[in-house]
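These notes open a run of structures that come right after.
Here come two complexes built around chain A, the first alongside chain B, the second alongside chain C.
Right after this comes the complex of A and B.
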């Protein structure tokens, strides 16, 4: 595998559109924060120390060290990539926006099927992330746990008997575990139920965020729900709590869909078909409008109004039309107008192959 | 010919989309107001007098009286029609909205090709109206003049040597002539030049109105320009004045189109193709949105961005999607939601036969 594989294609394991409850849950993600004993946290490291950590991780994931991952991986130094390529990794959720802010002395390990990425020297030395389609938090945890065991064979983690895994930010101390799900909640948004739900969810120690995590806007009716607390609960408790709350949200969204479909079918059909019509013909489209239209298409499939596109095609459309992906495709810098024109062109091309009738 | 011909089809001579300057001028219309000597104006007539007038006109247009019209006509008593059918005559501009408000003792003579209609007992005893596609005010006047001559053979018009033709409303006294053109001015609207132009036009004794005349909104970038004064000018002066001003507006719209196309092509293409996309897929559409979208399609053809639909198909779409036409098609009363759904259906069906690419 070359990095071109990851950067050139708009598909990842988590985008398959499969998995349990895939009518509401797009993907599940689990992240473990780990640090190596004897080194300062990344923000306080010297370049030399940072390089030591990078090399230690590079060795830990290599076959030389006897690392046996359930998936094939590639080690990528962020400095080897262009800014556009790094941005693509963000757009595919493989690294955080923070990770590429200063790429020096940072790296990422990516699995071929993109079900796994390991950020090196982000906020912590190591952040293991597992992504699976649908509601598969436990499965993602199991995968992350395996990766964690492999790394631990070589690396000496900072661990305190009393507090658990030590991390750069106190909110991650303990299990170092953050689990999240990406949900499509068009009918909870439409019926204005989400605001009240977010309050309840917060009281259960969970946070609701937009599509690209903390501080990003929730557009396209897409929301991330994740645990806030990493200490004082076992991994199992964190995962089970998120699973339980997610199932409640899923159930609420589903019953709302039924009610909305019963009471407002012509309005819904109109909204969904208009989205398809606009996407099939527009010559200029902003990222925000694109994701709104994609969300409406997905709603059409979720409600059974449309038979196609399939969920994986819908997920692909979101990634394909993000700015860095477009710039990579064009092979040159694009201004805002050019981005919006190329986005519209790609959407038209993709939809022209889809027969919704 | 039966009245079904007129009410069942959405095409009239003026909708052909042909004629001079048809890229801006949809149609030309000329109306002559006439009254019969010895009868009060319609608002003050007894039923008996109204019937006398109706019978006099019925005879005047009949072959028995030796009437030789350049086009075949039919005499229709408004009471013979349903309210929906009368409304269709309004939607096709063959009668005024006022004419059908109280249909008792009122009639209309309609030519088979709908280039001519004669309202009987509207505001005046007789209103001869001629409609032609494109900028053909003189031609419409010539046709109206011929009809006027035919009627005058039998009917004794109220005429005063000093004031000219006497009419119910003083604004029509004199020539009794009102000439108007229907213009499509999307680029003058887009560039906000129309407001200032309307002021100038008013100072030249002309009025600018919306699609259905006095007091109606100007939607779909469609405007009627007509003379305000009927006295103190000869017929020729009125017609020539309107022709001159119209040619100036046409020229201004055309040069603005060139500028807009040069400076904003992607924006224009997007607007036009989106209109096509929405029309091809929407499930619900208000009359107002329909005419806005039709206007955008027309703009696409005017700018050469679209090769189809042809102007006659565009004009037909406007009429086909008016409420009374929809109700007639459904064969039963429709509520607002049903109207919007049927409108969207008819538009989809029509556009599915048009290949714009």
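Right after this comes the complex of A and C.
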């Protein structure tokens, strides 16, 4: 296993499409922000200080220092990767887009199954991120907690009794914990129930984000629900709160799917088969169009109208058709038109291997 | 409508976000939305929250301490040199000490965002367990108060002895 492997393959652990409630919950993700005592925060650090932090983390994760992680990891200096390779790490959500904006003095530690990544010198010195398929926020917290225990054996964290873990941005101070779930909610969107739900959810210290195209129709019907409050609650309380609310959204989406399927089957079948038709034959496809069609295909599987593709194939389709992956595949820079053509080609090729009947 | 971030390209992605009942709308072009990485499986809407925070930081909090805006506290961190004017711009602090330096301005904002501006979560093991002890004592003191209020004097005595024991451990 090497960096090459991470960059070359489209799949990560979170894309397996397995896990509890995977008919609605695509993935669960949890991040802990930590800083090392005695250094300014990354955006206000000298190059020398940044290097110290990198070396300290490199030591903290090395087995020589006695670090025992539950998963095997690799330390990657961002400077050693090409821009396209760095972009792939972003498309796989192993690092944030901000992390690769200036790759100097930045690094990332990645687990071989990609369920864990640790960004070094992003907004905070350390960002531990766990990423699992389906509704597994508690499991993600357990993993991040363990990784954090290993790191604090070597590193002296910035911590104060009153304010907890001190972070570069005060919106993260306290636990430094941000947990989120990615949900596919086509039927709540279709029946226009989401707006009212968003209002309720936001009063519980959670935020819902989605992309809105025309009116209230969401872009790809994908939504992220995450906690906004990081202080004054324990990690368990934050995680349980998100879990409880997510379960309610999941059951709402499920019951709505049943009703919609009963009352509007021809309409739904048309939408799903149309998406399949476009994906099977289109010659040019934008990223936005691809996500919309993949979402409809997924709906077909969720409703049982289509038997295949499996969820992991659907998730893979999204990553495969992101720009950096396409450029990597082409082996040369592509303009917008070429990107859209290659995207359509790859989708056609993938779908030709899938027998939906 | 132009993209809020670059002010160059037309806004194509419209996002609504509600934090603690405050609704904000963001309009981005496709390019900036990609950088924000919110399309499909996004990361945190960082810069948005930060800008909300910076805005709150600049708003005088008359219901709290009106003198906090009168420049009683220094506006520069002696450790790292960061100023509160810089904070308003970038929405981040310079170093951990900044939290103490800008305490008067920060705490009311933290209370607004987080409700209870006191950490109750995980504690690094190197702190040697004294924070846990103090938390336990605080909890017992609440129990003691409850026992006294409900006139359970035997229980109150028991709890009081427990508190004394823990306080001795703290030294």
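In this section, the second predicted complex is superposed on the first by the 348 of 357 C-alpha atoms of A that agree within 3 Å, B and C clash if a C-alpha of one lies under 4 Å from a C-alpha of the other, contacts with A are read in each partner's own complex, and residues count from 1 in each chain.
Heads up, the rule we're going with is that contacts are C-beta pairs under 8 Å (C-beta built on N, C-alpha and C of every residue); 3 or more make two chains touch, one makes a residue touch a chain.
Source: prediction; values computed, not measured.
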Touching A:57 in the superposition: chain B (first), chain C (second), both, neither?
neither
Which partner reaches more residues of chain A, chain B or chain C?
C
May I ask you to decide whether A:269 touches chain B, chain C, both, or neither, giving the answer as first, second, both or neither?
first
Once the shared chain is lined up, is A:162 touching chain B (first), chain C (second), both, or neither of them?
second
Just checking: does A:30 make contact with chain B only, chain C only, both, or neither of them? Give me first, second, both or neither.
neither
Of the partners chain B and chain C, which touch A:189 in the superposed model: first, second, both, neither?
neither
Classify the contacts of A:282 with the two partner chains as first (chain B alone), second (chain C alone), both, or neither.
first
Scan A:327 for contacts with chain B and chain C and give back first, second, both or neither.
neither
Residues of chain C touching chain A in the complex:
13-21, 30, 33-46, 49-50, 53, 80, 82, 90-96, 99, 106, 109-110, 113-127, 131, 134
Residue ranges of chain A touching chain C (in the complex, touch as defined):
26-27, 31, 35, 37, 39-41, 43-44, 90, 93, 96-98, 123, 145, 148-149, 152, 156-166, 168-171, 173-175, 177-178, 180, 182, 198-199, 202-203, 205, 207-213, 219-220, 222, 224, 226, 228-235, 287-288, 291, 318
Quick one: which bits of chain B touch chain A in the complex? Just the residue numbers, please.
266-267, 269-270, 273-274, 276-284, 337, 341, 344
